[in-house]
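First chain written, first letter: the chains are A, B, C and D, and each begins at residue 1.
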Amino acid sequence: MNQAEVTKLVSKLRIKIPPKHRKMSSPEGPEGRMNKLRKTVTGLFKYERIELNHNRADEARQYAERLIAEAINHGDCHKPTMEMADYWLLEKELVHKLFKVLVPRYENSNTAYTRMLRAPRPEYSYNTEKTVLELRGNPYPPLHNKQANNRQLLQNILLDAAKYEYRQTKYAEMAENIGKNEQEKPSV
Amino acid sequence: MLRRLLATNTLRGFHTTACMNEVRLLTRLRVVDNSEIGKRAMAEGKPPKVICVYNKQRVGYIGDRVMVAIKGEKKKGILVGLKQKQSVRVPKFDSNNVVLIDDSGTPLGTRIHVPIPTILRTILKQRTHAKGADYTKLLGIATRFV
Amino acid sequence: MKKPVMYLSSSLFGKLLPRSKRYLSTKEAIERRSHLFNLEKKRQLENVGRIEKIEVNYKGVPKDCTLVMNRNISTPYDCAKHLTQWHTESSVLALLDGTIHWDMHRPLTENCTLELQNFTVSDPHQVNKAFWRSCSLVLGACATVAFKDTVAVKLHSFPGPDIRSGSFIYDIDLPSLPDWKPTQQELHTLSAEYVMLSRKALPIERLEVSEELALEMFVENEHKTKQIPSIARSNANGKVTLYKVDKYVDISKGPMISHTAQIGKVSVTSVHQLVGTPESDVNQLYRFQGVALPTGVVLNHFAYSILIERAKKLNPARSPINPFGEPSHTTHKENIAATA
Amino acid sequence: MSLAIRKCSSDLLSITKWVVRREYRLLSTLPENIEPANTDVDEKAPRTGRRPRLQNPVLEYRHIYPEFLPDPNPKWRNSLREKLERADMLKRRAKIDIPEFYVGSILAVTVSDPHAQGKTNRFVGICIDRKGCGLRAQFILRNVVDHQGVEVRYDLYDPIIQSIQVLRLEKRLDDELFYLRDALPEYSTFPFDMDPEVLPDGTPVPINDVQVKLKPRPWLERWERQELKGVSNIEEHLKEKDRKRRELRKEPWEKYDLMKQYRRTIPIEEQSEIWGEVYNQLQQMHVSRRKVARKRVLATPKPQLG
């Protein structure tokens, strides 16, 4: 049983955090891992939507969330936070983007700052799970189909019609049974 | 360079964990009473070596009887303080301390010049039997308990 | 306008057809039809003459823009090619000026606004109809290719798309098979044939031709030749609209989807016999039925099995040879009993 | 028997010393040299252009009562057990006064000891480590008695403990002081009859910035690699090889590992929940204890007068 560290205060992330970090095999060891993740986080902040392997996406997502949370908590005049942003964002104009664009965007949000969606796996590819990682509120069109409940979609029309037909047959059966019972009753 | 270092570390040619500081065979001890032989051995920089621990585990715990080789002689002693990690409320010392005794349990010296743990009172009383050696004499020459 | 057509067709007759007996095997007929289709398409393109530019205002993702295209040459598909690959692959229909649904492969005629519609637009009614219609079209092509050369396959027609009926259909005349009931294996083969056709991602081309040429193309198919005059009459300009998938040409009003790869999960579920009235000149037809879903629609196998079970029942669409008799299940049974 | 008498006399002495209140600071800097307790929190408040999120003042309790926070490892989290443990801890705190103390503070712990002659045992020493959470919170005291270094580990919520007294409330430059084991003995020598020093109300906890001198090698650990602030002469004992190794072993990226930090801490939201649960009782206990202490300060001079 270890004591929780109390020197730093962090705000709770709104995403699921695995109990342990991923090692992300790299010949340079933990430093190489961090360099990989830095690149990914920089890419995410630059392009706002990237597609990559699941493991790396999930790992980078946590760091991106933490970085935004730190920026929101401390603002741009806090030196350690600035150093942190300087380390994580390899392109320095992104530091301005973080504090001037992303912080106002997420300041009052109640959800996670990023979104991770599974991407379709290309056929005949290695068994790597692909993932799309994006910042919420990005300017691109939405990825997920919100209209799954649209009754006009072809599959929904087909299923509704099948449901309707099934009900009709059931009603017919019930009506028949009632008729039969009534026929039987007088004889009994 | 770093990679080479890591490689040697993963080969595990040597221990990288902290040592347990246990008292076992050939451990050097510190004599803390004022017996003549003990004082001389410590002064010469030849502290006694454990050559037998009288218990089943062969690892000495507090209050255990040990045989030590000191200045070419075999002497018995009692462990009165250990470097090893101790349970709660039992003091841990910076050195492994021993008090030399003879076969009947009588200490060779007349004073112990370091504090000894109070739990030794109970342990030594338990170890003392009417017919065997009387270890509680050791408690009498102690100057301070912690 | 008419002259070259006559010239072409007459020259072809000399090469391909014994004039007296116009007997063609199914394969030869298909080849000839597709050849004629291609020639006519080429001719129509050459007839465009001087290239004029039109402005197409594109509306939608990623951003609205204006494209300058060629009148009577550029299609909405070409516009999509200017945007992204995703647009070319997923667009099903084009919506011109917010009202007219236009085929992806039909040349644009004048300045317009353009929206590309896929299966997930908010009101996919027209898109679904086009999809169902195209499924019927491809079913006809698939049935033509599936039989051996010894079996003559004469396509009759398919009714307008009715998705709520649960299956798309094609009524086909198989004169050499008077009493054929397909086994499960044969249905599987038909489905496999269908899937192979749809996997090829073939574009569905559109062409408007004159009545005469249409008659020439479908010369060996007496059902179609009978239908063509009425179709031409019903059209305002007296033309017949043809669609071509791979080598198979068929008549339909359209519009159709962009290419066959947009048909995702598909199965040919059943073949039913339709028996005509004594007055009609066709005794019996086979009604091929199937069910399909667009690409990208994920439906679990249980729900899909329900759809398949439903598609196995005889589709209640009106029979072309027995228009007043309800082709319901009971009559069908009687028919079987009568033949047996 | 002589031992018992000596002990009694030393107790008497300590009482008189309490009255006299002699300054007894061998190693520490003067108490006037007070630094702000939490520089990290204080400095960011006034300077920021963008106002940082309003922080709950209750959260400051995390420094005083760190054992109320659970282990951040999700493997061992269990909200019900944590809640029960907190209730038990409060019950125990109602029984005895467990004062505020930090690593580096000098404590006197009295336990009832069945092995000791007077049935109680008092140990004075500097707290070199605090660890564990909940009812298993522990601390280690270190002292040098008769030129022999002694360390005792205590459970904070041990029912055998009779009293814990803070003789000198201060912090050191490091979070753990295990290097005192390898330091010269005077840095961890504290007399058993040391009298408690009272800090005026409201002053922040002073930080003792004394830098200890290590004994020559061999050492128990590789102190040179740990970036210790409280050691002055570490470079004297190093060879070129050690310096090279230290450079190779450095992990400068570690402080940027945001998730590592996150996995070691309890987030603000959870903390405020916990502190909200225990705040009232802790506050009440603190206030009542202060009243009692004031009364005692007023009352103690009397025996001397009479």
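We adopt the following convention: a contact is a pair of C-beta atoms (placed from the backbone, for glycine too) under 8 Å apart; a residue touches a chain by one contact, two chains touch by 3 or more.
These numbers come from a predicted model, not from an experiment.
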A-D or B-D, whichever has more C-beta pairs in contact
A-D
Could you name the chain whose Cα mean is nearest to the mean of all protein Cα atoms here?
A
Starting from the mean Cα coordinates of subunit A and subunit D, work out the distance between those two points in Å.
44
Based only on mean CA positions, could you tell me how far subunit B sits from subunit D in angstrom?
31
Centre distance in Å when subunit C and subunit D are each reduced to the mean of their C-alpha atoms
85
Suppose each chain is reduced to the average of its Cα coordinates; what separation in Å results between subunit B and subunit C?
98
Looking at the complex, which residues from subunit A come into contact with subunit D?
1-13, 17, 19, 21, 30-31, 34, 62-63, 66-67, 70, 72-78, 84, 87-88, 99, 103
Partner subunit D, residues of subunit B touching it in the complex:
1-2, 5, 18, 32, 81, 86-95, 97, 113-115, 118-122, 143-146
In the complex of these two chains, what residues of subunit D are touching subunit B?
3, 111, 113-117, 121, 123, 138, 145-155, 158, 160, 181, 220-221, 245, 248
In the complex of these two chains, what residues of subunit D are touching subunit A?
40, 44, 47-53, 55, 59, 62-63, 66-67, 69-76, 130-134, 136-137, 251, 253, 256-271
Which of the residues in subunit C come into contact with subunit A in the complex?
61-62, 119-120, 122-125, 128, 131-132, 163-166, 291, 293-294, 297, 299, 303, 306-307, 310
